[in-house]
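Following this message is one structure expressed as structure tokens.
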Amino acid sequence: MIVRVQRDPFDPWQELAAAGKRLAAAGAHGATAVFVGSLRDYNQGQPVSAMTLEHYPGMTEAHLEKVGREAAARWPILDALVVHRYGALTPGEPIVLVAVWSAHRDAAFAACRYIIDELKTRAPFWKRERTAAGARWATPED
Amino acid sequence: MIVRVQRDPFDPWQELAAAGKRLAAAGAHGATAVFVGSLRDYNQGQPVSAMTLEHYPGMTEAHLEKVGREAAARWPILDALVVHRYGALTPGEPIVLVAVWSAHRDAAFAACRYIIDELKTRAPFWKRERTAAGARWATPED
Amino acid sequence: MTPITVRFFASIREDLGKDEEHIDSQGIATAADVWERVAGRPLPARTLVAVNQQYASPGHPVKAGDEVAFFPPVTGGELP
Amino acid sequence: MTPITVRFFASIREDLGKDEEHIDSQGIATAADVWERVAGRPLPARTLVAVNQQYASPGHPVKAGDEVAFFPPVTGGELP
């Protein structure tokens, strides 16, 4: 399982192409489930021009790895990849990528969903949005 | 929404990179959910050396488009892409790609899952597997 | 008269040894009638039926010019 | 004596005007004690607490050398 928290932009499809090459037994995984979250250009009726993501270096990575281990304990998955940005983002850019490889569709979907849900509710990241009305901290209700 | 049923191999990540560029308003979709199904090298304890996928030209495409329209009617999705192979496949090759773009995670996951589930239970495709024990038609219980 | 086009797929195509047949619509009222004409026996359980490329029940009406297809349960997507 | 490291993130960092502080562990038993020492008021509702980079309750024991962090509800991933 690979977890990366990084300032640099990433291309989710290049990440997945590279990860597929790394997976030793390509024929073992019948199912790959992927979620990509991007920065929308609107939130709560306001155009969003930019966003900054703060995190807790060390704890954020450790928490994502824990969520990945939990998913691997609950479902028969072969591998998982989580990439999450921090720092400055512009609309349209990917924020988060979660990918799960499994022999089976059910496990791949369930584990992928579990990781992104846990990430959103528990991983220490905070968004500060810049809109025409000024900067504001996003809330979990956004 | 794009539906393609094709004999040629495809690279799911290249398809998604190209689809992302086509989506006019990149900032509108906060969520992309993707499923890729590949040919496993084992089924029911037998190594699978190759597979042939038969389909019903015309009906297969029409059925996939109907499933896509059903998903778009049930969930607020922005776009969807379905690519499915037919003909000869070798282990490790992608068989099917389903991608759904939405403003929201719930809709993207639900619609992606709906499309692949409906595809598997209703779209007219039939797999013939070649194993050391000979060729056999796959069954839905596989 | 315009015939009825009958198509067979996968294991049913192999069992019958043909992939397509054209039959006279005389005496044919339903998809099940089409099957009995081409196969000489009742429609096996679990066989799927399409009329004009849409799923239909064996009792679905069939008329001259229609395309009727018979095939086993489908197995698309990944394994399983 | 080894101090306790206290860290603040996001809106709490902005409200307090600091991101990190080191305090003497004398008189500190729990994470809530740490907050009252550094902020001079009770821990606001919904504030999250981590001790040594793991989520903890406000009543979690804290000792010299620990890292204690306070931050608002998290908002990672896509919107919303």
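Chains here go by letter, A, B, C and D, matching the order in which they are written, and residues are numbered from 1 within each.
Note that a contact is a pair of C-beta atoms (placed from the backbone, for glycine too) under 8 Å apart; a residue touches a chain by one contact, two chains touch by 3 or more.
Because the structure is predicted, anything quoted here is derived from the model rather than measured.
> Smallest number of touch links from subunit B to reach subunit D?
1
> Write down the chain pair with more C-beta contact pairs when B-C is set against A-C.
Output for the comparison: B-C.
> With centres defined as the mean C-alpha position, give me the subunit B-subunit C separation in Å.
Computed from C-alpha means, the inter-chain centre distance equals 26 Å.
> With chain centres taken as the means of their Cα atoms, state the distance from subunit A to subunit C in Å.
That pair's centroid distance is 48 Å.
> Rounded to a whole Å, what is the gap between the Cα centroids of subunit C and subunit D?
So the centre of subunit C lies 71 Å away from the centre of subunit D.
> Find every residue in subunit B that makes contact with two or more other chains and list them.
Within subunit B, the residues that touch at least two other chains are 30-31, 37-40, 105, 116.
> Going by the touch rule set out above, which residues of subunit C reach two or more other chains?
77-80
> Indicate which of the five shapes (line, ring, star, complete, other) describes how the chains touch one another.
other
> Would you please name all pairs of chains that touch?
Chains touch in the following pairs: A-B, A-C, A-D, B-C, B-D.
> Can you tell me which positions in subunit B touch subunit A when the two form their complex?
11-14, 16-17, 20, 25-42, 91-92, 103, 105, 108-109, 113, 116
> What part of subunit D is in contact with subunit A in the complex they form?
7, 9-11, 48, 50, 53-55, 69, 71-80
> Which residues of subunit B touch subunit D once you look at their complex with the stated criterion?
30-31, 104-105
> Flag every residue of subunit D that touches subunit B in the complex, lowest number first.
77-80
> Touching subunit C in the complex: which residues of subunit B?
These residues of subunit B touch subunit C: 37-40, 43, 48, 53-56, 58-59, 62, 84, 95-96, 116, 119-128, 137-142.
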